[in-house]
Structure formats: structure tokens, C-alpha cells
Amino acid sequence: MSNHTEIRWHGRGGQGAKTAALLLADVAFQTGKYVQGFPEYGPERMGAPITAYNRISDTIIRAHSNIYDPQYVVVVDESLLETVDVTSGLKEDGAILINTERPKEEIIPHLKGYKGAVYTINARKISMAALGKYFPNTPLLAAIVKVAQIMDKDTFLREMRSSFHHKFSNKPEVIEGNMKALEMAFEEVH
Amino acid sequence: MARRDRLSGNEAVAEALRQINPDVFPAFPITPSTEIPQYFASFVANGKVDTEFIPVESEHSSMSAAIGASAAGARALTATSSCGLAFMWEELYIAASNRLPLALALVNRALSGPININCDHSDSMGARDSGWIQMYAENNQEAYDNMIQAFRISEHKDVKLPIMICQDGFITSHAVENIELLEDEEVRSFVGEYKPENYLLNPECPMSVGPYSVTDYYMEAKRNQAEGMKHAQQVVLDVANEFAGLSGRKYGLFEAYRLEDADRAVVMIGSAAGTTKDAIDRLREKGEKVGLLKIRLYRPFPAEAIAEALKNVKAIAIMDRAEGYSDHGGPLGADVMAALFRAKSTALATNIIYGLGGRDVRVEDMEQVFKDLQTMIVQNDAGDTYRYMGLRE
Amino acid sequence: MTADISKLGLKTKWQDLTEGMIIAGSGTSAEFMTGEWSSIKPVFIEENCKQCLLCVPVCPDSCIPVHDKKRTEFDYDHCKGCGICVKACPFGAITMEGVN
């Protein structure tokens, strides 16, 4: 991966985009990177469009601005494609990752002519299969780690397992489901 | 041994407070500082600290309780933001005038109105004349380090004044970044035990606090209070020196970044300083002599040292993250310009209002500021006394 | 700096005030002469006094000392001249100019 990666997350309040950005910062930190993970707060209500950001770098990060020209964009909720300019500033040599049940060909026309790589993942299907509930951020986290080549799959899964053991210490029964969601996402993003 | 970790600014301050293990922490929640007492309450519930945590019904009460605790002889603090600070207004003056050492973890947020939850410095800037020491942070690391140094400064026998440890709401308070933490024992031995000379709960020598003062004494009392502020700069430096020995991280009254040979400088406070450093590095690569003076200690104001650090600069942009409504610029602008005047500076200086209510500051914005300073030099004209950055007009 | 409040006065310099004007120590009000505040003073007429001591507890400034179960002369260093003792005395043993 490049020396400095910038990622922008688009989601709706309550979908866990902020949590996903913080988890990504967490797991990248575990591999020795300098990281930033932060949300941009607008109106505080469920369903409002929200943005979260990641900077991941080999060198110290000092900038405290939002990210306007990301290498990668993650769209947690595809309905945002119609209301938010998700590809704004997105680098052509970067990529956009979209959570959708539709085939990629149907999504591309909604990307305002974005020329870079487009990845899709059906996070709902994965989440329902692995967890029995709809938590899109876990599959999307694995997918962006793969797309942005943040780290290799084995390292990622190992770090996430240890993170889940810490996070879910009082409900270990959810760990395997989350691990399964991550593994499935790693395979199914394309 | 330092521990590498990744924490938000609020987590970092809460972690510092866990390590300090203060005696009393009264708190009332308000965005974006709520997480500090929230995390701390979990430390209390899990037995990680011995602190008396007091949930109160307002910020007026949280500061009052902290004042009472401090007068009683306890090491006390609270946390707040914005309107919460405004609701403590009277108590801020009570704490300072009674020379009570205590701390306030302030997470800077715009004051109403319109109602806004995001960062600017209008809350703490309004409290700049309340007699509190004010320290600001660029990032989570500085917020943590300042919090650990806070009580040493506040409780110092030559100072005995309350201290406000400020960081930028959301921008640093809610951003997870890398951080180096000290070990618990290191922090506890650095901060030490609080041994007040006089305190209410001393049965050997009961104390009266909070006097009424008639005109005959009031002015002498205020001058006496100012004496603590006069000593604060040296104490801040001494504590920073000792802290550097412990942590390897050096702090002063301010940070001068690539300023030594700069012909243009920005003076500012808080998280946008990091963004400005990136702009400076970009411009330096093109051979431009630009630098930054980032204020750490704002009250007391190290006027002479700031003027000295800026003595070779030809043009200065003083950046205020608060409107002063003086029609003459913001508070930092007024302070820095007064310092420059006293030092007989001939630099061209302007005051820029920026970042109100969380308005973002980009590297490109700061490059433009340095470009504008260059124009000022070429035209030998500082232009308007104050102006806005990032404003739609 | 001193906590000696007996030294407080119109010539006290700021350097001589305590930090925060705190007063460390108990019972220091005895050192602060409030007797000068009054324009009129009570007068104790001993021959009328039955030593009922009704006047003693009503004095807001504890200015009626009691020795051997008998009240003695007023403490004029601290008496502010409020006249409550005059009202309390059933025997006309305390008088005050302007107060009956």
C-alpha cells in the first residue's frame, strides 16, 4: 500500500459508519501504522447522512481537516448515491466500495462518471448469513481492508479476533459470527 | 516505559485522570465533553480509582462542588463544554479569586447562537479574564500531557490558581489517533500527593474562605490574586522540563515551528496548528520561509516571549477561532498585537477569524493565508485589521 | 503574608493580604475590633442588676462576659451598640442613650 491512505465513509446515522472508521483505525494501528479515525457530526438523528474519515500512514499524521480528495470511498447505504456526492474528489486511481444487493453494472451509472475502480459487496446478505442481523459495518470493514490493501487477510483476521475478544468479552458468543462475516466479506467483495 | 496506544482526545484525558486518581470529580454532561465523565464513571464503577464521583444537576453545581471540594482540601476537577462553561461563569471567578487549585477539562465548542455543537474557542475565550490558567492542545497527545501537568502547575505554592485544559471539540476529542501513554506509577509519582497548606477540613487549623471585601480591600485583593498569574509562566516551564525528563516530550509556553528564519508566520491555537504544519512543510519545499507559533499557554499570556519569537518576521496572521465582536478582531489578535506594539515590532499584522462552529480548516486554506501574507509584504500594507477565512461571501 | 486580621486596616498593602483573603485559624474574630463601629454604647448599672443573665445569650457579638455565674462589664472592643441587651433586661440595669 502507499505511504498515506485516506478513506471517506458515507453512511446514515445509526448504521455504524463511525464505528467502522474507528475499527479500521484500530486494526491499522495494530500493524504499526499512524492512524486517524474521526466522524463529522451533522444533525444528530438516526438516518441523517453522516461522514467518517480515516487517515492511515507510515509517518505521523498532523492534519486535522476533513478529507476532500480520498483514495477510497465507502458507501454504507446505497440510497445515499442519489442524495450525496459520494465520488466528490475521489481519486481516479483509487476506488469506491458500495454496499448493495444490485449488480455492479446497475450501480456504475449512478457514480457521476467516476472512472476509477468500483467494488460492491452485499453486506446485508453476509451479515444476515453470519450474524442473523443486519450490521453492515463488519462486512464493509473487511471489504475496505482488502480493497485498499491495508493489510493481508491473515493478519487482519488475527487482529480482529483479538479485538473482538477484548470488545465482546462479556458476550463471546457473537465473536464467531463476526469473524465469519469478515471472512465472507473478504471473499465476496469484487 | 511508554505505552503506544490509539485513543480519542476524550479517552486520552479520561485515561490521564484515571492515572492521576483525583479525590473528587463532580460532573454534568454536555457534548462534546460528555465522554470524559462517562469513561471516568466506568473507572469509578470498576474500582480503578478512589475518586468520589458526584453526578450533579447542572454545571453551576459541578463547578461549585469542585470548588467546595478543593477548599476542603481535595484534589478536584470537572469537565465541560460551551454553554456548560457559560453556566459556570460566576464559579470560575470564585475558584480563581479564592486561589483554589483545581482543574477543568474543557472540550471547546461554540457558544450559542445559533446552537452548534462543533468546535470553536468562543467558550474558553470568553473565560479568558476569569483568572484561570488556560492551556490548549493540538491533538490527543497534548491534551493527555497537559492534563498530567495540570495539577502540578495549579497546586504550586507560587501559583495556587485553577487551570483549564482545553482541546478542540470533535476535531481532537472524537478523533482516534496514535498516542504514547505513561505508566500509572510514573504519572502518580509525577503528579504526587496534594498537600494543601490550609484547608477547610483541617481540625488543627480551621479556615475561612470566600470573604466579602469592601472597597478598602478589594483592589489589593485583586492585585494579590494577579501575583499567582505572574508566577505561572515559570512554573509551567519548570513542570514541562520535569515532564520532558519523564516522557521525552518537550513543551514550552508555545511551540515555534520552523519559525527561526521565517519571514511570514501564523499564530494560532489548537488542532488547526497541525494542519498548518503540513502547509508549512509544503511551502518550505518550494523554498518559502514560513513558520508557525502555536500557543500552548494562553493565560497567563506570554507576551514578551511571543514578541521575541516573532521579532524577525515581516508579516503575521493571528488566527482567532472566536469572534471578539469588538469590530477590531478576536481576543488572540488583540493580545498578540499588543505584545508586538510593546516590543516595537514593525511587522505587518492582521487578524483572521476562522473555524467558527466547526468550519473546517484545510491545508490549502493555510497555504492561502501564507500567500496573503506575501501580498501584504509586497504591498507593504497589512490591509484590514481583521478578516474572515473560509466564509461564503 | 499574614493571616493576622488584627493588622488589617486602611493602610494594609496588597502584599500583606493572604492568598484568596483566606483566614486560617479559628476564633480570630476576637482579634478584629468591631467596637469602633458603634455610635452609642450600652451602660451597665450594676446596682439594678439581679444577675438573671437574660442579657447574655441575646448579645449577637458575645460582648457580655460571665465570670463565676455573674455578668461583668461590657466588652466594648467588640460591642457594636445594637441595644438588644437593653430590651432584654427586665430590671433597667442596662441603659443606652436613645434606647429605652
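Which chain is which? They are A, B and C, in the order written, and residues in each are numbered from 1.
In the analysis below, contacts are C-beta pairs under 8 Å (C-beta built on N, C-alpha and C of every residue); 3 or more make two chains touch, one makes a residue touch a chain.
Keep in mind that this is a model prediction, so the values were computed, not measured.
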{"item": "Middle chain, criterion being Cα centroid separation", "value": "B"}
{"item": "Most distant chain from chain A by Cα centroid", "value": "C"}
{"item": "Interchain centroid distance [CA atoms averaged], chain A/chain B, Å", "value": "34"}
{"item": "Intercentroid distance (Cα basis), chain C paired with chain A, Å", "value": "78"}
{"item": "Centre-to-centre distance between chain C and chain B (centres being mean Cα positions), rounded to whole Å", "value": "49"}
{"item": "Residues of chain C engaged with two or more neighbouring chains", "value": "none"}
{"item": "Chain B contact footprint on chain C (complex, rising order)", "value": "8, 10, 12-15, 17, 19-26, 28"}
{"item": "Of chain A, residues touching chain B in the complex", "value": "22, 25-26, 29, 34-39, 41, 44, 60-66, 68"}
{"item": "Complex interface listing, chain B residues touching chain A", "value": "6, 117-118, 138-139, 168, 170-172, 174-178, 271-272, 274-275, 277-278, 360-363"}
{"item": "Residues of chain B touching chain C in the complex", "value": "97-100, 160, 197-198, 205-209, 211, 213, 216-217, 219-221, 223-225, 227-228"}
